[in-house]
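Each in structure tokens, the structures are laid out below.
Common to both upcoming complexes is subunit A, partnered first by subunit B, then by subunit C.
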Partner chain A sequence: MDLRERLLCGAAGRPRPLIAVAPGGTRVRLAAERTVRTRGWVEADGPADADLLLVCGHPGPELAAAVERVWAAMPGPRARSQMVRAQGAADLVEVGRRGLADWPAARADVADRLSGMRIDGRPMADRAPDRDGLKLDVLHLPLGPILADWPAGLALRLVVQGDIVQEAESEVFAGSPSVGRDRPFWSESWLRAAGGERVTAGDAARRRAASHLDGLGRLLSVAGWPDAATTARGLRDGLLTGAASSTGIHRFVRRIDRSRTLRWLTDGLGVLDDAVARKHGVPGAAGDVTARWRRWLAETGACVAEFDRDDPLPGQTPAVGPRGLLGIGQAPSATLLDLLPGLVVGSDLAGARLIVASLDPDLDEVTHSDQLGGEPAPTRDGGR
Partner chain B sequence: MVESAPLWSVLVLPLVLGALAFAVAGLDAVVAARGLRGARGVGGARGGGAAGLGGAVRLAVTAPLRDTARLLVQRRRATTRPDPALWRLGGAVVFAAGPLAALVVPLGRYAVTDLSVGVVWFNAMEVGVWGGLWLAGWGANSAYSLVAGYRFVAQGLAYELPHMFALITAALGAESLRVGAIVDAQDGLWFVVWMPVGFVVFLVSAVAMAFWGPFSAPLGRDLAGGVLVELSGVDRLLILAGRWLLLVAAAGMSVALFLGGGHGPLLPAWLWTLVKTILVLAALVWARRRMPTVRMDRFEELAWMVLLPLSILQSLVVSVVVLMRAAS
Partner chain C sequence: MDSFVAALALLAVVTGAIAGLYAISLLVTVARDPLRVEPFLSGLEPAEHAVSRFHVRWYAVTMIFLAFDMEMIFMYPWALVVSAIGVKAVVEMFLFLGLLFVGVLYAWREGALRWT
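== the complex of A and B ==
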């Protein structure tokens, strides 16, 4: 083995995976994240940083094209794994990792790659007045659909000047239409109860707490606090696999709630009026970013007391899901997507990422057709 | 008495800096792995490989090695219509700034070069990062990296004045800009005892200068890696390694300026310097885990309204003490 092969084998012991998720792939994503976390790997920030691409779920045609663009942007040596079921996810991750240490495959990959497409003759940027009346360049910048710590399947098309968002428009990249869809994972307990199945209140409390911990993990990661994000995700995995730790959750809630630095950083961003939020059935999204994550923490702490409840969940309509009211005709995440552009305009890119992370729309709810017997949510494919 | 070392010490400096940077990168990996295990979720028996002291040491050694190996075998990337020369130059400048600044930092009784204006040299070399990191962000012709480059410019605007006043305060206490003279002036009493604000401000500004930890917004995850978004392979390694080297150089300088350099009982001076530097770095790594990344639109106000007046007041107190000492 020459030096490069040795380095390759050494490097393959600690890959940096990039997890690309399609709507409907939440279970698979959770399994993949659990595998990555328990093996001590750090997720990649973007394709330039990544060497292992993990595609979770069935992407639709536009989303598959985005995945291919991300794959092309990854420098070698690289490997990819397509995962469609949560059960075999860990094995597929390992197969992908072993593919990284494959020296002949890495050399073949290099030989096959084109030398990079050069696109010349770009038009010059438009100029338009900004908020101070200056004429600045206008840049059309999409956030998503494949981005670290970002809701799966969401693309937010921004018009930015400098790094201030002037206009925003949300777009949904759906999962593959040919595959039958399960219920959205995070609202599953309430949808099943409304459908007549017996769901215990303890299961629903666990699902709600896990949903909030998932959102908190994304928010803390976007806020640049990887330690807290990892803790949140570890607690979430514990809840979903039945190894819940009440003391761990309480300790985590206390620690994050006490963090004055995080409050100082997220105060005043993305303020949603209380009355507007209640009218649209998303009372949990009222206030600024700080109010939203503190509400998540409070609800998670409150759910701990209900983990052991055995009584059945009443199958009422509307039910209060983790993101809002279920069964009022439009999924709460669809409402959040409608409200999102208005909240994001005027903030800078960092603020926009925090606002999206604090609202945390779940696009499984948007692309799923059966909403507690109400009208099917309109599926907007990414083809506008 | 701190003196300049002979010329061959220029070759020893990268080794010492590199070893310290390696050690602190390993410590960072171990602390991160402990955070993984402390999550009390489904951690498994391996928990990221940091079980027990032996596992922690093994992880501290293998994690930086594996990360470096990964970046060495990774191919470099190109974007459409970058400024290739300035783009790569930015990374090289960031990499060179730490070792250049550390030329005046003494290890025990010897510094590579004990310039008569060592404090100014240190500041000048680390200010090179302003140009280097911004060029690395601008040269890629990518929106995220450009925004991140400007984040660092804003960060520089926030930390630089408090940083300079902290440096001036230590120089005032010794009445000299020579780092060796500042170390010698701490023979009886370390400066941190009567300039605590200066020490804290220096550490905060040093972390901001090294765009590490709570001040790593220019490399932020919310911008898919910030300045590093289009970089891979050796170019990425240059900036990441340069960041660790800057942090080590700044920690070494804080020891020389405020923590008495090599002064201490029993152990030889160079060992004391190393021990104190490692303690400062360990404290920084520990503190990083407890804070989110600070955004400049919030920090700018704090830096100018709180840190700057405090560091000026500290300078005033030190000046009065020095004048009284000279008068008596």
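== the complex of A and C ==
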């Protein structure tokens, strides 16, 4: 019916995309996020909310299974796009969107779907002692690989009682092993300099500032300030495409730094001892969540002065990357993954998400095998 | 009688609007039955049924709310007549509030209101 198709086309003009990222797909994710942001679309929180599934990078077998579960949970009309290269990402997003406006395809899709997944086959929750001499139900909750504003490929398996985290275990869902991997995107400048290539200090400063803005975008989104998160991502995209605005960055840094509500929200969460952080090579992760995001803001502001530097970056080892020291044997993100469960235990779910967002491990570093001469970090591929 | 006519008219408008929304959804829906899926656990499978009991900290806060809610019910008529009666009414009401607050203070000191 014509009216129906017209309504569907109107709705398909503004889909809600759900972006699933595999480790190694950072460039693709940045291109996809830029497309989504410039077209004014709002990202979905989960599959029930989503119309368009954008898979960035090459997921490994376990991660692909997770993507299939998310795809199966999306109600019709729905469309999906698999993107492996940053250049064609915008076109593929558009192709996906146009697939949404296809009424006959949507009906056919519904007819094909398996109905009735196993909902009532699960056992009831077991009980275990909690504080105050109570016994509360134990829930196994994964903050899993495919989640909005979450590091790609990380699964944090939590044991939760009454919304307080009792145990935590981090797990890595790697990208496809058969695909050759580039260097991790955020530490690329320092790894290239250490490999002997000529990298200007200005490029490195831009990359560092963009990495912090990326992390800040996720943290502000999790903390409930989507407006500031969009600004951070806009500034990050500007830096990466070469149209950096230093006044914009300074204004943003001042605005977030002044926010007393954000400090109140994040004070005292996930405290990491200064000495421990320095010993493990992640000095930027010391303190509580507030200290970490304030450090990001300060470093971003400081990097602005160095954007125009032309001198080459000294290829020293260890280099100070955006997340910690590179070249000391284990990637800084692997260290952050080791420290993460200890910091998260005891907080509630919102606190756990804020702590993860403030540490912001980059799993590209963990799953990549060329770490300035260090050993590749062992990855446990999915599974239960 | 006027006010009933207005209320009925509003009811008719609202019912018409809701019926219209349902009609539009029936028109553009892709399938008759809603999709049955498992809960979203970031792409992984759930280990157990999600029904679970809440920690008692929420019940403590709810009980306190209920107690003070009942006290508020007494305060509404009091607020209307306090200016006529004078200081005596104010003193009595604050004694009442004080008695209620002693209970909350006891619970607080015993640690019943601890959150995490």
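Basically, the second predicted complex is superposed on the first by the 377 of 384 C-alpha atoms of A that agree within 3 Å, B and C clash if a C-alpha of one lies under 4 Å from a C-alpha of the other, contacts with A are read in each partner's own complex, and residues count from 1 in each chain.
Rule of thumb we're sticking to: a contact is a pair of C-beta atoms (placed from the backbone, for glycine too) under 8 Å apart; a residue touches a chain by one contact, two chains touch by 3 or more.
Every value quoted in this text rests on a predicted model; they were computed, and no experiment measured them.
Trainee: Report clash or fit for the pair subunit B and subunit C bound to subunit A in the combined superposed model.
Mentor: clash
Trainee: For A:Val222, decide between first (touching subunit B), second (touching subunit C), both and neither.
Mentor: Once the two structures are laid over each other on A, A:Val222 reaches subunit B alone.
Trainee: Name the contact category of A:Leu134: first (subunit B only), second (subunit C only), both, or neither.
Mentor: Touch status of A:Leu134: second partner only.
Trainee: So, A:Leu147: does it touch subunit B (first), subunit C (second), both, or neither?
Mentor: Both partners, subunit B and subunit C.
Trainee: When the two structures are overlaid on chain A, which partner does A:Ala291 contact: first (subunit B), second (subunit C), both, or neither?
Mentor: In the superposed model, A:Ala291 contacts neither subunit B nor subunit C.
Trainee: On the superposed three-chain arrangement, identify whether subunit B or subunit C touches more subunit A residues.
Mentor: B
Trainee: Scan A:Ala193 for contacts with subunit B and subunit C and give back first, second, both or neither.
Mentor: After superposing on A, A:Ala193 lies clear of both subunit B and subunit C.
Trainee: With the two complexes superposed on chain A, say which partner A:Ala101 touches: subunit B (first), subunit C (second), both, or neither.
Mentor: neither
Trainee: Which of the two partners, first being subunit B and second being subunit C, lies in contact with A:Val70: first, second, both, or neither?
Mentor: Second partner only.
Trainee: Looking at A:Leu325 after the superposition, I want to know if it touches subunit B, subunit C, both of them or none. Which is it: first, second, both, neither?
Mentor: Neither partner.
Trainee: For A:Arg14, is the partner it touches subunit B (first), subunit C (second), both, or none of the two (neither)?
Mentor: Touch status of A:Arg14: first partner only.
Trainee: Give me the intersection of subunit A's contacts with subunit B and its contacts with subunit C, in residue numbers.
Mentor: Dual-contact residues (subunit A): 4, 7-8, 46, 48, 73, 75-77, 110, 116-119, 122, 139, 141, 147, 162-163, 348.
Trainee: Touching residues of subunit C toward subunit A in the complex: what are they?
Mentor: Per the stated touch rule, the residues are 24, 27-28, 30-31, 33-38, 40-56, 116.
Trainee: Which part of subunit A faces subunit B closely enough to touch in the complex?
Mentor: Residue list for subunit A touching subunit B: 4, 7-8, 10-11, 13-16, 34, 37-40, 42, 45-46, 48-49, 51, 73, 75-77, 110, 116-120, 122, 139, 141, 147-149, 160, 162-163, 220-228, 230-239, 241, 243, 245, 247-248, 259, 261-262, 264-265, 348-351, 353-354.
Trainee: Quick check on the complex: what are the subunit B residues that touch subunit A?
Mentor: These residues of subunit B touch subunit A: 32-33, 35-36, 38-44, 46-50, 59, 62-63, 65-67, 69-70, 72-78, 80-81, 143, 147, 150, 214, 216-217, 220-225, 228-233, 236, 289-295, 297-298.
Trainee: Can you name the residues of subunit A that touch subunit C in the complex?
Mentor: For subunit A paired with subunit C, touching residues are 1, 3-4, 7-8, 20, 46-48, 63, 65-67, 69-70, 72-73, 75-77, 106-107, 109-110, 113, 115-119, 122-126, 130, 132, 134, 136-137, 139-147, 150, 155, 161-164, 346-348, 384.
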